[in-house]
Amino acid sequence: MTALLDLKDVSVSIDGRAIVRGASLAAAPGEFIGLIGPNGAGKSTLLRAAAGLIPIDCGARRLKGDRFEDIPFTERARRLAYLPQARPIFWSIPVRNIVALGRFAYGASDNLSDPAIDRAMAEAGVEGLAERPAAELSGGELARVHLARTLAAEAALILADEPITALDPAHQFSVMALLQQKAKQDCAIIAALHDLQLAEKYCTRLVIIDQGRIVADGPTTILNTKIARDVFSIKLQRETDSNAISLAPL
Amino acid sequence: MKHFAAYALAVLAATGWADAKPRAVSLDYCSDQYLLKLADPDQIAAVSRGGDDDYSFMRDTAAPFPKIRPEIQEASALEPDLVLRQWGGGPAAATSFARFGADVVSLGYANDFDDVKANIRMAAKALQQNPRGEALIADLEKRLSVLAARPDTNIRALYVTPGGVTAGAQTMIDAIMNAAGVVNIAAAEGKSYWPPLPAEQLILAPPELVVAGFFDTDAEQINHWSAARHPALRKMMQETPSIRLSADLLSCGAWYSVDAAEQLAAAAEAIRHEK
Amino acid sequence: MKNKAGQNFFVPALFFISGILIFVSLLIGPAAIGPGGVLAALFGGGDNAASIIIREIRLPRALAAWLAGACLGAAGAGLQGLFRNPLADPGILGVSPAASLGAVTAIYFNLAAFAFWVTPLAAIAGALAATAALYILGAGRVSTARLILIGVGLSSFCGAIISLAMNLSPNPFALSDLINWLFGTVANRSFDDLALAAPFFAAGLAMIIFARPGLRALTLGEETAASLGANLKKARMLIIAGSAVLTGASVAIAGAIGFVGIIAPHIARTLVGHDPARIIIPSALLGGAILTAADLIIRILPFDQELKLGVAAALIGAPGFIWVAATTRRMSA
């Protein structure tokens, strides 16, 4: 099966500084990839490069086998949905309208009765907020609305930059479960995450990035004590029976 | 004895004890006119920079004299005895220019011929040229009475400028039109000073004579905003007899304003005779 | 929430209100003409003085006020969408004074004598330069305060150059000219002027309408909008060009008028919701209605010298602007 996303040896520098060096990453349907690494490792930049939002210095990017440069703008937006880390909303439009923007690539950002909108809002648990203006939402509600917008595109590839950071623990669990479910529905999901325990619990695969380089890529078991110490500067212990991990400072 | 007296007088004159007339500067182009007309050439220390512009009636006379800006340093450098002004130097000029020791004479803004006569008298007195001033006034009064003796034509006249502004009551233009025996439409509509052209009234009651002022200055552009651009008014004005008054007759109220009145009266009478 | 049905009501309602205001404008003036006379003049033909006054003096004036207001309302809505800022307005950001500078330059270098369309084109060129400069200096990336300060600087600069031109001009009426350019008026407009400005209004409005989807996507910021597939480059150019054309047209017909570009979109938002794409046409209609009403009021006021249109707009609009500025809160997730 062709990988939905294929990055080969991608390097990105910003203002002369190299942020991502020689990263190779392939994502296939069914995978929920947790992209983890310390602050400043280059997670956001890698996601932006994967979404085609910034130019790369060298390497190759392919979406479903086609090179990025060969895919027209709107087609690219149908194949991948991107949820950035900074999520401004400049006008206080109702939640339904925000989620409707996810349908932009289908020329339907003003069709408020598109069933895809209702589906996405239900998945993200915000259907009760449909008519509320953005200015009246809390941080957590906004985060889920943004997620709904991302899901509304019904794209096969989802790139999410810290999708659960603003959420309370219950919602963090439910969103991670949702993404896991979506992966099972033949999507490929790459989410940059800070919460190692949630990543380890829900993701099918982990990609660990440090100082711009991918230092490990594989099933969740690759998150071991050595990596925890060298990359994250923390102590990690794995329970033998439950396989859960516990973290502590060094 | 006679020789000695003459000799003494000559010495006195040479030393400036004799009754030497004051040297003067003028600060704006309206006071320039009075200075240039009434003073002896050696009384004129300088005139303003507007003195030789196209709209200055006495511009030829102004040519040989130095030109200054209405600025204390420039004026005081010439050590004049007298500063003649109308608006030049700003509202506080009377006190500020007096500081360097000159007499400051402020002429009034002339809105009618009485104001003009008062200005002539004031300027002549300051320049110690009373006989010349009285002669000028006498000439002015004679010409005004000749005009008054002619029957009023009562032609409805409209004063227009490229700026789209007309002259209502209490302006020199109105005084000129009254002296010429024509009816100033703007004043008849109850307007004073410098209102914009009253487009609607003109269509309701068109003028019989258009009096065009300032159309001969350097920049003959019809202002982008003027009512004169409007097609309806342009048509009306093209079809109406008109007379052009040159800018130098209109830019200040002075003795030569009667020239404008005479030209205007002649034009009005020509129209009356055609009817 | 205002759905499509809401817009379907407000747009025709605003057209209707504009029509009423224009009709009332026709009743006001020094020559007393009643509604019967107005209707006769509009539909009955006739060449008497009253008909000429209605058809050739009052009607073009009312339409000029409406057109200038509609241009400014649409330009304001476009600029607010582009800069993602509810305080953007062609007047405050210096775009209108720059357009005035363009027009004044053309007139005083006698380029206007070339062809009748030189003046509005020069106004548009001035507006274009200002909008492009504003965009380069920081659309959406700098704070509101800085954007407005840049605009204030631009305004002052253009005003100063215009004053300089007036100072150097040998025309003794230059000063009253200056006042009209900087404070705006629609007195004495004729159908010639309208015929000149109308195509630019249509073109500018069309450009902004084409950019509407991009404006809507920009609600979520440039990064997300790009990821949604919006062609941001095209949207930016359409808005910059469109609002410049609209501002240039309004300045050519009425001089620099401010605050309509803020107030119209603000009111539009309360009527049809905050979607930046949806407020474009209502803003245009509201702008037209507002300026027609303002011109109506200044003609009723019993002053000897008529109040300038831009002054009336500022008297109403500036307090409105202050209120919007004080109560606007930025949202972020």
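Things worth noting here:
Note that the chains are named A, B and C in the order they appear, and that numbering of residues resets to 1 at the start of each chain.
Convention: a residue touches a chain if its C-beta (ideal position, glycine included) is under 8 Å from a C-beta of that chain, and two chains touch if they have at least 3 such contacts.
This is a predicted model, so every value here is computed, not measured.
The touch graph of the protein chains shown is a line.
Here C is the chain whose Cα centre lies closest to the centre of all protein Cα atoms.
Per-chain Cα centroids separate chain A from chain C by 44 Å. In this assembly, the C-alpha centroid of chain A lies 83 Å from the C-alpha centroid of chain B.
Counting partners per residue, chain B has no residue that reaches two or more other chains. Chain C makes touch with chain A in their complex at residues 1, 3-4, 84-85, 213, 216-221, 223-224, 226-231, 273-278, 329-333. Here chain C touches chain B in the complex through residues 29-31, 49-50, 52-53, 56-57, 103, 107, 110, 112, 119, 169-173, 176-177, 180-181, 185, 187-192, 255, 304-306, going by the rule given at the top. On chain A, the positions that touch chain C within their shared complex are 48, 51, 53, 73-74, 76-78, 80-82, 84, 86-94, 96-98, 101-102, 104-105, 107, 109-110, 112, 131, 133-135, 139, 142-143, 145-146, 149, 153, 166. Across the complex, chain C is touched by residues 55, 161-165, 191-193, 195-201, 203-204, 214, 217-219, 221, 223-227, 229-232, 251 of chain B.
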